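Read from first to last, the chains carry the letters A, B, C and D; within each, the first residue is number 1.
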Amino acid sequence: PGTVCLEDYERLAREVLPHDVYEYLASGCADDLTLASNRSSFDRWQILPRMLTDCTQGSTELTLLGEKFRHPILLAPVAHQGLVHPDAELATAEAAAIMEAGMIASTLSSVPMEGIANQLQSNKWFQLYFQKDRNGTLDLIRRAEVCGFSALIVTVDVPVNGVRNRVQRSGFRLPEEGSAANLSNQSAPEPIVLEPHESIIFQGLMREAPTWQDIEWLKSQTDMPILLKGILHPADAVRCQELGLQGIVVSNHGGRSLDTVPSTMAMLPLVREAVGKEFPVLLDGGIRRGADVFKALALGADAVLIGRPQVFALAVAGALGVAHMLKLLRDELEITMALAGCPSLARIGREALFDATSYSNELSMRKV
Amino acid sequence: PGTVCLEDYERLAREVLPHDVYEYLASGCADDLTLASNRSSFDRWQILPRMLTDCTQGSTELTLLGEKFRHPILLAPVAHQGLVHPDAELATAEAAAIMEAGMIASTLSSVPMEGIANQLQSNKWFQLYFQKDRNGTLDLIRRAEVCGFSALIVTVDVPVNGVRNRVQRSGFRLPEEGSAANLSNQSAPEPIVLEPHESIIFQGLMREAPTWQDIEWLKSQTDMPILLKGILHPADAVRCQELGLQGIVVSNHGGRSLDTVPSTMAMLPLVREAVGKEFPVLLDGGIRRGADVFKALALGADAVLIGRPQVFALAVAGALGVAHMLKLLRDELEITMALAGCPSLARIGREALFDATSYSNELSMRKV
Amino acid sequence: PGTVCLEDYERLAREVLPHDVYEYLASGCADDLTLASNRSSFDRWQILPRMLTDCTQGSTELTLLGEKFRHPILLAPVAHQGLVHPDAELATAEAAAIMEAGMIASTLSSVPMEGIANQLQSNKWFQLYFQKDRNGTLDLIRRAEVCGFSALIVTVDVPVNGVRNRVQRSGFRLPEEGSAANLSNQSAPEPIVLEPHESIIFQGLMREAPTWQDIEWLKSQTDMPILLKGILHPADAVRCQELGLQGIVVSNHGGRSLDTVPSTMAMLPLVREAVGKEFPVLLDGGIRRGADVFKALALGADAVLIGRPQVFALAVAGALGVAHMLKLLRDELEITMALAGCPSLARIGREALFDATSYSNELSMRKV
Amino acid sequence: PGTVCLEDYERLAREVLPHDVYEYLASGCADDLTLASNRSSFDRWQILPRMLTDCTQGSTELTLLGEKFRHPILLAPVAHQGLVHPDAELATAEAAAIMEAGMIASTLSSVPMEGIANQLQSNKWFQLYFQKDRNGTLDLIRRAEVCGFSALIVTVDVPVNGVRNRVQRSGFRLPEEGSAANLSNQSAPEPIVLEPHESIIFQGLMREAPTWQDIEWLKSQTDMPILLKGILHPADAVRCQELGLQGIVVSNHGGRSLDTVPSTMAMLPLVREAVGKEFPVLLDGGIRRGADVFKALALGADAVLIGRPQVFALAVAGALGVAHMLKLLRDELEITMALAGCPSLARIGREALFDATSYSNELSMRKV
C-alpha cells in the first residue's frame, strides 16, 4: 500500500535485509560522494513542458542495436542476487519478461546464465567481466552465444575494487559457495608474489586487469555486438567508437568504484557531443523516477539501466516486486512524457530541459 | 494571536485537518521538488529599496482585462473546498468580496458556480476544465456567462494526474458525493478499453485531453476573454498571444502536476520577454509574502493568484480566516511598497530588484 | 570564562533576558532572510594574507569627518536600552569612553541625551528620527548641538515599521513609560482619519515620513555634519553626495525594516564605486568578528557600527560587558591585520580579499 | 576492525583523549570556517578517470629537492606530540621510517630533534620557528645540520597566535614542563612594556615576528635548502622564488591561524601558475583520502603533508597507529591512480580533473 515509488523499495529492503547485506547493496565507496552526486545531478535539469500537445499516438518504443524494445528501461547487471532471494536472478528475469524490460545478466550471477536466458525471450544481454586468462573469458562468451544473449556488455571500471568502507565496517563477506555460478569451472586465481618495493595494487592486482588490447582481442573472438560499461571520459567513448565497438554505457558503477568521479549525468552530454548522434549511448546511476529517465534521454542517452532498485524490490517481494518496480517507473515515464508534451522518445530532446543553474545568466544577457 | 503571516495558517490547518486531507491540500507531487522550488526561487531576487520617496498618494490599484481591481492579489481556483469547511466556496467568496479580491471559481467547486457568483459583485472569473465531450464543456461556459463571470481561465497543465505519492500514502480519497457540484449533469465517463500494447496513459487518459485545436474551438464559442492557466514555456505563451487569447497564468499548478518543472518565478521573466509589455500575464505558485507579490510584479506579472493559503485559512477560521489572510498579505504588500519607495504598481519594475546570484559577476566586471 | 567572542554575548543574553525582550532585540523581520544574509554575505569574501610584513608600527587609527578615532568600530544607535539594564545608555557610554569607541546616541534612548553626552569626551554623534512636526525635530537638533554631539546621523529606512512577526508572536510591548526619554516634550501624535478606500499605510502612516525635501530643510537648519543611515541603493548614495551631505551609513537596520533587501556587504562595493574614494561611507549589519571589520574596510567602508552585540553585552554584564565586547572585537581586528600583513587601515584594500565565489572563473580563464 | 580510513582515527581519538587536548588538536580558529573549507574545497574537483590503461609498471615514486621519496605523502610538523603519547615524536618517526614517509620535525617537538633524527634514515626535514633572537635561531639550525636534516621548513603564518576560541573554551593549557624540548636552552622571553596607546599586538607581540629581511639573513647562514611554509598569496610565492629559496608549502596552518583565509586547494593552482612548472610546491590542509592527494598533485603540488591524522593515530595506537594511517592513505592513493588510469605521479595532471562547478558553462558554450 505504501509502496508508491522506487525509493520505497529501498526503505523496505533496509528493514527486511540483514544490515551487512543492505550495506553491501546500498553503499557506494569511500565517502559516498559520487553515489550522492549521481542522484543530485538530476536536480540541475528541469523539464520545460509544452502544453496541449496531442499524445493519443504516444509510445515509448525504441530500437537499439537492431532490437526492438518496448521502453528504454533496462535492468543493469547486478551480481549475487541469491543474497536477497532464493530464486535470485531467475525471479528478476521473470519480472523482466513480464514487464518487457531488457535485462543484462551479470557474469557474477548466483544462478548460471543458462537458467536466466531461459526465462527471457528477447532483449537479453550478457555482462562480461574479463577472467584471469583468456580461456576463461572465452568460455563465458561461448556460453553466452549459445544461450542467445544478443549483446556483450564489458564492464571496465573496476579493475581493482574500490575503497568500500561501509562494507568493511558492516563486516559483510560473500558466502564461500554459490555466489558466482558462472565461474565454477574457472581455474583458481594464482597467488600474488611480489618483489620488495613492488606494489600490491600495481604489480599485484592490476596484472589481471584488461587493457585496450584485450578489447581488440575480444572483438576478434565474437560476432556479438560489444558495449563497454563504465565509460566516463569523452575520449574513452570516442576510442570505443574508433575501435568499431557497438556502443557504451556511461556509468560509474553506481558510485562503487572510485569515489569523487563525476556523476554520470554530468558526463553524458559531453560524451554524446563527442560521439555524435548515432552511436548507442546508455546511462546508469541513480535513476529512480520517470523524470530521471526523461532527463537522461533528453541529454543524449538512448536508454537507461536500473541497478539497486531491482535488488531492493527482489528482496522485498521477489519477482512481483521487481515487476511492480518496473511498472511504477514505466508509468512515471509515460506520465512525464504526456505532461511534458513529448509523445515519443524521439521528441525528448535537449530543448525539453531547463538548466536550473544557468537561467540567471541567460536572463541577464537577454533581458535586464 | 499567533496568526501573523500566511504560513501560520498552514501550520494551524495542519493541526485542525485530518492528515489525509492536509496531505491532499499541501502536497505537490513525486518528490515535491517543484513545490519547494516555487518557494525558494523567490530568494534569488532581493528588493533594492529607494529611500525618502513621497508615498502619500500611494495605491495598489490596477486595471486588468478592462476591469478595475483594488489590488493585484486574486484567489486561485482551488477545487473541493467543501473538504475543509461546510460553507465551502461560499465562505471564500464572501471573504473575497469583503477584501475586494478577485476570485477565480474552480470547475470543481463543492457548491454550484451560481452560488459563488451570487456572493461576488465584480472581479469574478471562472476556471474551466475541458469536459469529456464538447457539450459538457459548452454547458459550463453558458452557465458561467449567465452568472456574470467576466473571464474564462482554462487550465491546461493537468491532462493526466501527476504522480501524487504523498496523497497515495495518506490514503486520501475524494468523497463520492458532492465533490464537484458543477458537474452533476455531465455524462458518465466512458470506460477505457485498450488493445494489447496500448498504453493506459497515451491511448487511455490522454484521449480526453484538450489540444490547441480545442482552444480554437473554445474561442469561437464565447465572447468572454480567455486566459490559459498552466503555461511555462515562452513559446506556448507566444502561441496564446498569436491565437488572440487575452492572457495567461504562468503556473505549474502549485507543483502538483509534473515534478521537476521549473518554478514559475524562474520562467516569468522569460515569458514576459517573449510576449512583450502589454499582454496580460499572471503568476501563481508559492506566493506567501507581500515581498513575493512585489517581486512577481517587478519581473513582469500583472497580478498574482493565491492557492493553498485560502483553503488553509478557510479550514482554520472560515470566511473570517480567508479575509484575514487576504488582509495580512495586502498590508504586507503596501508596507513593502512604502519601504521600497514604490507608491504605485507601475513603479514596481525590474530595477527595484537585485539578483542575489549575480552581483559578484557585476561587481567583478566593473570594480575589481 | 566562556565569553571569548561576540556571539557568546548573544547566547548568554538569551539566557538572562525575558523571551519577549530577547525576541525584540534579536529578531529581524518577516522571515529573517535579510538578517541571515547580513551574516552570510561575509562568507563570500576571504582574506588573502601576505606574510613576513613588518607590523611594528601598526595602528588602527583613522580620521572621520575631521575627528580622530582610535579604531574604526563605533556603537550603532540602539533604542530603549533601559529594557536590558537599569543604567541603560549611561553604561554603554561609559564603556565607549573606556574603549575609546565612537558612540551614536539614539533618538529613542531610555535616558536623555544630555546624560549620555556627559559620559563621552569625543567621538559622540546623535542619531535623529524625524518627528511629527518640524518644531519637534528642531528641538532635538538644538539639544544635540548644546550637548556637543559632533554629527547628526539621520535614519531613513523605517518610515513605517517592518513586518515584525517574531516580535508579534512573542507578545512584546514597549513599556508605556520612560522608553523614549528624549521625546517627553514632543506633542502627541494626531489620530489618523482616513477616507473610505484610503490606505492606513500610504495615506496614514507615510504622511509623517520624511522625504528628500525634509533632508534639504534639515541641512539648512544646522551646521552639524549630516549622514543618512539606511542607504542601500548606489543612486541614493550619490544623491546624498550631490545634496552636500557629509556621508552615509550603508545599513538595512539590521534586517529589521524590509525583509529580502540585500545584505549591506553586497551593496557596499557598488555604493563605494558610485560615490568615489573620498566620500565617508560607514556600514553596519552583522559585524561580529574582527575579520568582518577587515572585510568591510577592504570593500570600501571607512568604519563600521555594532548594533545588537552592545545590548547583549549590556544585558549580560553592564558597562563592563560592553567594554569587554569592544575589546574582544578590537583585539580580533588587530590580530587580523597582523596576520594579513596590513599594519594600518590604509593598507586594507580590495586586493587583500579573495572572492570565494569566483575563483573558479578566474582560474579557468587563466590556467586551464 | 572499524578503522578503515583516516577519519576513523579522528573519531577514535576523540573518544580516548581528554576533551581539552582533543580540542587543542582538532580545532581551527574563530568560527572554523577555513578549517571547514580546507576539506570542502576538495569537493569542487572530481577525478575524470580513463579506462583500460596498463598499470603494471605503476609506482608512486618521486624526487624532491634531489631526494628520492617512495611516495608523495609526508608528515607535517605537529608540535607537542607528548600530549597524546609517551613516546611522542619518537613513535611517529618510527612509523615514518617503516612506511617510508618523509617527516618534518617541528621546532616544538616534545622530544629533542636529535632523538627524532636518529629514528630516520632519509627524507627527514626540520621545521623552524624563528626565535626571539638570532642566536637562538642559529642554535636550532646548527643542531639540525648536525642531525642530518636535509631541508629547513620555515613556518611564517603564525607571527601571533590566531583567535583560538575552542581552545579557550576547553580550558586547555600546555603543561609547563617538557612541551618544547628543543628550546630548553633558549633565553627567556623579555617582558613586553608598552607606552600608553601602543598595541599589545603591533608594538608587543609582532616585535619578534620575522620579516623578509630575516629570511634573507637565514639564507646567508645555512646551506640547507629552505622552504617557506604558510604561503597562500601567489605574489609571496614568487617572492620566495626570487629570493632563491628552494620551495614553499601552500598552507594555512590547518585553519589555525587566521580564520576566513582561503583554503589551500583554492590557492594552489594560482600559486602553481605564478611560479611555473619547476619550483617545488607542497600543500597541506585537510588531506584525508587518497583522492585528495591525487587532486592536490593534479593541481600542481609535488607532494602533500598530513597534519592532524598523525596525532590522532598516535593517540589511538602509537607508532602502529601512525604506520597504519599512512598505509591506508598510501593504498588509497595507489587504488585511485589505478582506477583513474594514471600509473605514475607524472601522469596526474590537470586534465585528470573535472571542475564540478563549471561544467554547466563548458557545456552551454559548446553544446546547447
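We take it that contacts are C-beta pairs under 8 Å (C-beta built on N, C-alpha and C of every residue); 3 or more make two chains touch, one makes a residue touch a chain.
Computed from a predicted structure; not experimentally measured.
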{"item": "Degree value of the rotation bringing chain A onto chain D, based on Cα positions, nearest 5", "value": "90"}
{"item": "Centre-of-Cα separation between chain C and chain B, whole angstrom", "value": "41"}
{"item": "Rounded Å distance, chain A centre to chain C centre (Cα mean)", "value": "58"}
{"item": "In chain A, residues with contacts to at least two other chains", "value": "none"}
{"item": "Category of the chain touch graph - line, ring, star, complete, other", "value": "ring"}
{"item": "Every chain pair in contact, whichever chains are involved", "value": "A-B, A-D, B-C, C-D"}
{"item": "Chain B-facing residues of chain A, complex", "value": "1-2, 4-5, 42-43, 45-60, 70, 289-291, 295, 331-332, 334-340, 343, 354, 356, 359-364, 366-368"}
{"item": "Footprint of chain D on chain A - complex, ascending", "value": "30-31, 33-34, 37, 44, 156-163, 165, 168-169, 197, 199-203, 205-207, 209-212, 214-215, 228, 230-233, 235-236, 257-262, 266-267, 269-270, 273, 350, 355, 357-358"}
